[in-house]
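The letters A, B, C and D name the chains in turn, as written, and every chain counts its residues from 1.
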């Protein structure tokens, strides 16, 4: 009881007396959390978005003839043997003709004289919607082209290929920036905490000398660490939320946001981020102070 | 009365063959054996660099000796760790030669610190601090930032902090170096008062005026060696 | 002469005595430059890439009839009146038929009986290759659809639209990350410099008191600032170069890199980055020290 | 010889109605007028907190006075700026009461600093430093980190730094507070030597042993006021 009374008073006094450097640490934590959360937000949203962009990705296998039900079953089995897929759609010659006629719209009458089976039948394979590598898609198409009765395999336009390269490059970029930033964050937070405690070396030494127990010395710093983690990360996330609102407000309207369903963190994730921040800052304070508590 | 035949539980500080040297080749203390009785007032003198501060550092365990045994209040310092060491230190008051004041805190906070660590009541702390400042003629500096004080004023704050928690062992290093004769008198009064109320007081000094006519033991150090010991005179 | 001798010796001594904090500042500068340069590299490469991805973007205006040369001239003028464009291509009915036949490949014989003008003539407008907003493209297509003799305006597939949204989102992301990082960089560098100098407050004060001139006190710090900017930014850029090489080595092979022509900074840009770093660190040192030189 | 009829170009320090107070209500100096002749050795005494250090701060222009005029070597300090002030300070050596040593540098570096700022030759600096350390019995500490010295040793280093650049005005604040009688003698020897070779020396102290039998002027301060001035006696 007396211990906690002393310790809380001590922590309060410390805050009052060293608020400039405390503020600096707080700012550092906020900024770090902001940057870090920003990147994970972008990353998760990007993965979602690229899934949506990849909707169109499908491998089209042109067949020599309309496959009978037995043949369809056989093809289906061979395809799923190679890889799990989202869906397999069979398009008969007649359906292909219908689609083409629809595409021509007002000019469909020009097709009147053409036999309805002039377009080949096909199988459309829609792969699973995750960021699979292009190599795999190429392999897949090579495999499919060797199936019996296959005329030709086509997988979307060049667009798909390009888009996949682009997504992959982006993943690398986000991953690397993420790593760099985590590095920076850890570096900055530990550095500021160390400096803050270093600036109070004299005080810590004196406390040891007048007979303060380790807990008496340590606890106010740990309280500070907890507060800094809590307030700093909350501030960081709050700023990010404002930023997010700003983006939403600024770029709303049809298109962008409905296409990409840009979402904020769920409450669970927010709590996790705050919790991890608290653990990190407290651990930082703890290890920094621990050095002074020997003898 | 000599130290040698004092009963063991009457001994506050016991040093046996204590040596301390610093790299590369500074011998600060050389084979010092000494025992100080509970309730004694003990002077330590010697030229600058003789080892007085180092000896006080050994007793308060700011640094360990290279060799030798040190017992304070019956505890072997080498075996004391953590909270036990902290508890012992709460009962030792030290006025450092380099003050070790927190220059950005107020005078009151500096003095209070030694009482706070042993969880004294805030009201009690305040009373004690006011009382001490009055005895040292510094009543008007209660809320002053310590760094703004004159050197002599800081020296008195250092002493006040050492005395504040009514320690059983009081180590005082050069308490009057920045003080005039009159203020020196007041400081000595305070120390004598602490001694009279039972505290063991060890004073390291070169100020002849405070030990010249004293009836207490005076040890002289020179280059880390004990060169003389003037025994106490019965008044 | 004597001045420079003293000052260089002083700077050398400072470096020797305060190397841990100097190293800290150096690391901070390096990391900042690394992050910053990384982002500008990604950004410039991304813009290039999206230009390449956007190659396919074209507005197709289907016309009621093949336009005569006069009509072509008129259309051309109306289009360029609205906005500068990269290119305008007229596709006559016959050309449209030819393209279709080529697309059908082996099945072209089915077209034999169809009149060669069954597909409409069209104008293809290729916009300038900068990251224009979707709104503008929509406006453009609205405008074009009102031109005389226009059947319908079509601009690529949904792909194009999606791609543009994506690119735009990316620009925002990169811009925001960039801003955040510049903020962090400035904050970190100035903070470390301030702390470094703060830790030497006693020394600076003493120098003033023993009668050192302002230049005597300041110059070693400025030299330090220059060195830190130079070494720090060089290190940062060098690390980035290693990273770049790693990416190149790791993701080489056909596709990714040849598609995006991922390039490093030109020597001019590198020199500019180093130069700016030097100016920033030196200015940081200068302003920090200036506070101590009053009185 | 009194100060009042000294010729103007024989005056090193001239204070006219100088007052200094600190917020909220500390009057450190109260209307002090004083002139110190070139080549004089001048003592300043007074109780702790009387204003001695503050007066020395005024003369070395560490802080400006609230009111009053201060001239040093004929320069009005209020008008001195930048390089001119620096040049003047190079000719003033100050031994601070709180030392102001760079505790993480070696002894030699600390002493050299006052010579380096006026671009003395490294060889000359080294010679001078060695010589001074010898006079103060600290030869073996040449390369020691200053923070590791005993308090009295640091005090002597402070003095050595003040004297090193052969200043024309030497301000010494409590130079013997941490020193024994013998070492005090050596320090006084050094100061007298500087004085004999032409430097004006101002010593603020409370150590009676160094001014009791002196034939020099002694000014006494009390709570910021000049309360007495013992004129110089012709030997």
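Operating definition for what follows: a residue touches a chain if its C-beta (ideal position, glycine included) is under 8 Å from a C-beta of that chain, and two chains touch if they have at least 3 such contacts.
All values reported here derive from a predicted model rather than from experimental measurement.
Chemist: Among the remaining chains, which ones contact both chain A and chain B?
Modeler: none
Chemist: Measure off the straight-line distance from the CA centroid of chain A to the CA centroid of chain D, and report it in whole Å.
Modeler: It comes to 68 Å between the two C-alpha centres.
Chemist: Could you please state the distance in Å, as a whole number, between where the Cα atoms of chain B are centred and where those of chain D are centred?
Modeler: Chain centres of chain B and chain D, defined by C-alpha means, are spaced 31 Å apart.
Chemist: State, to the nearest whole Å, the distance from the C-alpha centre of chain A to the C-alpha centre of chain C.
Modeler: Centres of chain A and chain C (C-alpha means) sit 22 Å apart.
Chemist: What are the residue numbers in chain A that touch two or more other chains?
Modeler: none
Chemist: In graph terms, nodes being chains and edges touches, is this line, ring, star, complete or other?
Modeler: Shape of the chain contacts: a ring, since each chain touches exactly two and the loop closes.
Chemist: Which two-chain combinations qualify as touching?
Modeler: Taking the chains two at a time, the touching pairs are A-B, A-C, B-D, C-D.
Chemist: Would you mind writing out the residues of chain B in touch with chain A in their complex?
Modeler: Per the touch definition, chain B meets chain A at residues 60, 62, 82-83, 86-92, 94, 100, 102, 104-105, 109, 113-114, 116-119, 161, 165.
Chemist: Under the touch definition given earlier, write down the residues of chain A that touch chain C in their complex.
Modeler: Residue list for chain A touching chain C: 24, 27-28, 31, 34-35, 38-39, 42, 49, 52-53, 56, 107, 110, 113-115, 118-120, 134, 157-159, 161-163, 165-166, 168-170, 172-173, 176-177, 180-181, 183-184, 187-188, 191-192, 195, 243, 247, 251, 255-256, 259-260, 262.
Chemist: Which residues of chain D touch chain B once you look at their complex with the stated criterion?
Modeler: Answer in residue numbers: 22, 45-49, 53, 97-98, 148-153, 155-156, 174, 177-183, 206, 208.
Chemist: Give the list of chain C residues in touch with chain D in this complex.
Modeler: Within the complex, chain C contacts chain D at residues 2-3, 6, 10, 13, 17, 202-203, 205-214, 216.
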